[in-house]
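For reference, chains read A, B, C and D in written order, and residue numbers begin at 1 within each chain.
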Amino acid sequence: MTQSPAPLPFTRYAYLGPAGTFTEAALLQMPGVETAEKVPASSVLSALTMVEEGTVDAAMVPIENSVEGGVTATLDAVSVAHQLHIVAEALVPITFVVASRAPTTLSRIRSLTTHTHAWAQVRRWAEVSVPHAEFIPASSTAAGAQALLRDDPAADASICAPLVAEQLGLHVVARGVEDVPGAVTRFVLVSRPGPIPEPTGADKTAIMIPLPEDRAGALMELLEHFSTRGVNLCRIESRPTGDGLGQYFFSIDLEGHIDEARVADALAGVHRISPKIRFLGSYPRADRRPQQITSEVSDAAFSAARTWIEALRRR
Amino acid sequence: MTQSPAPLPFTRYAYLGPAGTFTEAALLQMPGVETAEKVPASSVLSALTMVEEGTVDAAMVPIENSVEGGVTATLDAVSVAHQLHIVAEALVPITFVVASRAPTTLSRIRSLTTHTHAWAQVRRWAEVSVPHAEFIPASSTAAGAQALLRDDPAADASICAPLVAEQLGLHVVARGVEDVPGAVTRFVLVSRPGPIPEPTGADKTAIMIPLPEDRAGALMELLEHFSTRGVNLCRIESRPTGDGLGQYFFSIDLEGHIDEARVADALAGVHRISPKIRFLGSYPRADRRPQQITSEVSDAAFSAARTWIEALRRR
Amino acid sequence: MTQSPAPLPFTRYAYLGPAGTFTEAALLQMPGVETAEKVPASSVLSALTMVEEGTVDAAMVPIENSVEGGVTATLDAVSVAHQLHIVAEALVPITFVVASRAPTTLSRIRSLTTHTHAWAQVRRWAEVSVPHAEFIPASSTAAGAQALLRDDPAADASICAPLVAEQLGLHVVARGVEDVPGAVTRFVLVSRPGPIPEPTGADKTAIMIPLPEDRAGALMELLEHFSTRGVNLCRIESRPTGDGLGQYFFSIDLEGHIDEARVADALAGVHRISPKIRFLGSYPRADRRPQQITSEVSDAAFSAARTWIEALRRR
Amino acid sequence: MTQSPAPLPFTRYAYLGPAGTFTEAALLQMPGVETAEKVPASSVLSALTMVEEGTVDAAMVPIENSVEGGVTATLDAVSVAHQLHIVAEALVPITFVVASRAPTTLSRIRSLTTHTHAWAQVRRWAEVSVPHAEFIPASSTAAGAQALLRDDPAADASICAPLVAEQLGLHVVARGVEDVPGAVTRFVLVSRPGPIPEPTGADKTAIMIPLPEDRAGALMELLEHFSTRGVNLCRIESRPTGDGLGQYFFSIDLEGHIDEARVADALAGVHRISPKIRFLGSYPRADRRPQQITSEVSDAAFSAARTWIEALRRR
């Protein structure tokens, strides 16, 4: 049985702005966020710094993109530079609209502005549908949209999120122009280390594990600590530490919550072989998909095993 | 003993342009490239398409960044969309200069143009050294530098690679302005499937492995195929396939060459459990670091084992 | 689909005698043995020596006992001292009768003779049913039975196999006197190394593997070679080599035949880490229980993997 | 640092008799046994029953033989039938003497009595040194020696342990007549479940683990619980349970004491996958060989890991 995530105990949020980005759309999914203050930040770094310095309680930042892959820099920043914890995640469908200040048609558009990442995701559509349109890079998709409202805008239209077009009152010339439909971007909400969200039965835990050796088998020994406790991995990525040759760490999301015995036992096992392991948070899954665990790794099984050992030792 | 990589059998190359990018710097490292034709491409996609269509023999594209993390979209494109092979890699130190059209000083710079990724890497320097400078996004660092040569340029200076400043004859106002010194970006040279580069004793092999199940232990079973053959992993990354929930593949770089028995035996083992495994190439390591293998996974050990089995079976 | 074992190409057999033992009963199970010569041997050692020296073609010897445990000395002798191969196995139900020369009843029996091992297996029955009977040790159960036919026999009755009572024309006073009903002893037929019996689809392979280290994980690394090829173990036993402290070897029976790809591949893998591995034979299972193998370790999967590697390498 | 085993808290012992056996020699090694009562038992079963019923405090029984292999029936009896615990082990060098009532020479000996197991261990010596001597089986080596003292003894001499020849005042005709010198038999001292002997830094723990499945990998999953805690195995043996086809248990001796964190953690892990695991005792090693453990499985590492988890959870 899974339970609904509890409302978050925060009143001030930052997010990667400007207003209308997919990141703001992610923030709007958080339970109880409606009445909170929402502050756009100019960069992920800036958003994280606002949390760290206490200007806001939490920040929503992008972390993974099912089309472009992991935006792992964010996770590194959360973990290493800022020592923040993840307290929630959000999944936002990535779909783009073509927006203009005044009603127009695609055939009349001679220039389009957006972020280069967004441009990469609509290239094939653009080659077919607006072959003569020039691309003008913007610092974000929302910034591109806002630029349309200036006097003498540089572009005829922008490629942007539906939310920003709506917020700015732009005219939507075309919808769903992304080349790969169905893409989803993952966002995480980070805060200063504090109370861990309660387990819901459908949770994830994020960790970073330095591993001194890269010999065959070192990763295996690490993973055995998860498999012997029946802990599934959602994501694994090896990363160079930047400290020198042959130095790695593993960035891992696993199924389950640190309050569950199997997760705590696995993390304790990993701590013995890599005492610099970093815990980055346990939080409810955005997809609410309940975990399937076998009876041998249930809390009851861990409890029965401990009771057995203690009875033997008491003799 | 490692051997020098052989010259590449190519006469026309594409690279992620424009001229002067780190990608061009990577291409210039390739043995024998001096006399070849080098064609800038406007995007990774475009470069890969030129290879696929035969317009060029090979393309140099960025693949990994020790500061920003994996540019995994490139690898997916190489593998899935284009079915190309990797035939070489290059490592380029990422260092930025501040370049202007005419001699100037930092204190006089009021606006700076560059790619948003580059801007993220010099943010802390900029806050301290040019606090009042406005950031103007460009579609690439090289495009920003070139824009300085236009009539009435939008920015006073650009943040760009040393190569482009040199090529364009720009004035270098400051060097080494990156916030994290020592960063390196990895590039790969891809071509249509053809002869695999000869083993040099210091090689890598890239593969992609779909894994139908995400249960605890499935990754372990995969990795056992490498550890039982003493094959080290250089990089591992789990990726959603995009085909639905719970579907993953693993993107892996491993030490060694498919012509080595231990690598071939491990790949054959993985093929049995994941027949859709994709081989993306065996190629010389850019760092020329020789692999350390134990006698039990030497080609001689594999050969002795095979001889023993055949003698028993012949009875 | 399993196939019946082929008749054995032997005409002279030794077995652990004297006539009438469970070992002779095991020998009588061999296909085609009816017309062969059957020579009782006074000890396992003697039987093995007869094979080695060519006096007989093969010898049937006991190897394992589901009640008393492994008679592992036999296996060591087969392997180490005599370098023989196992070509068949037999399972014989262990059941004892009380036999006397002339008709009598249990209450009149004052002394019983048998081998001490057999006596251990009927102790509880004896305490209840013939509480006053004295135990007189014999060198084998059959020798005890034969002693009843001497003038002035030392015992009133013997505990022996049904076969010997029948062969000697003794009177059966009681049947099924064993304390643990359903016990089975395992026997193996050994011969000089020669043609390996054809695979039947329900086979076993016996090996001995020296392992230099006893550190945690060394056995795991060994077993990974079996698990990655889907090879089940029927039996595993660690044994001291007798050569000194911390030196072990593993005596293993596994499911499958060396002519099957998964078995050959696993053995080749083990050969790399322990080149002194000894192959002791592949032979049909006595219980004819067919092996369950998954498609990923079928001969076809191994063949497809090899074809894939060869096609890649040919480029 | 290892510590000496503490004296045992027992005053009455049984041992596999009669007096003078290797088993009595094993018992005499126990610290503090000099002043205790020592009762010979006619069989292992009888000795174990005496412990179970409280007639004695503990019993010394043979368990393993470096030449003949495991006497695993004893271990099964200790574990399954009698639910006793092992509290000590002893190693006794197996060496035989030829003993006679009156002084004689080998050439005059026409018959020799001993247990068939002992006879098997001197066969080659006997064939060379007393080729014409007849073998007369005895129920034990000590019983054979004692029979020499009867009126009209059946044999001229006996093959027996040095201890019994000395105790009975027999004449030693030859020493060291065993075919394989250096053999050692292992004995264990068993008692009713009670206080576990204190850890000494050089201990063993005995367990029995039922394993429902025999599929490839089930044993691996079991062993991972030991390897992830750095627990070495001293001995492993698979045994059929006798309950039916495909049912196994594993009899395992491992390095370490249940009071050590790594052993307790491994056993707790195994308990989850096989809750019917039987603990058979933690006791000092007879060879006093200290265990080599790495820092990552020290009690301190387990304690640090637990502290880390608790601090995280307290948030």
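A few remarks follow.
What we mean here is this: a contact is a pair of C-beta atoms (placed from the backbone, for glycine too) under 8 Å apart; a residue touches a chain by one contact, two chains touch by 3 or more.
The structure presented is a predicted model; accordingly, all values stated were derived computationally and were not measured.
Between chain A and chain D, the least number of touching-chain steps is 1.
Judged by shared residue numbers over all numbers used at their interface, chain C and chain D contact each other through mostly the same positions, with over half in common.
A rotation of 180 degrees, rounded to a multiple of 5, brings the CA atoms of chain A into register with those of chain C. Chain B and chain D have centres, each the mean of its CA atoms, that are 61 Å apart.
Each chain gets a centre from the mean of its Cα atoms; for chain C and chain D, those two points are 24 Å apart. Residues of chain A found to touch two or more other chains are 224, 227, 229. By the touch rule above, chain C contacts chain B in their complex via residues 193-196, 221, 224-225, 227-229, 258-259, 264, 267-269, 271-273, 275, 279, 296-297, 301-302, 304-306, 308-309, 312-313, 315. Interface of chain B with chain A (complex): residues 43, 45, 66-73, 76, 115-116, 120, 123, 135, 137-139, 180, 182-183, 214-217, 219-220, 223-224, 226-227, 229-240, 242, 245, 287, 289.
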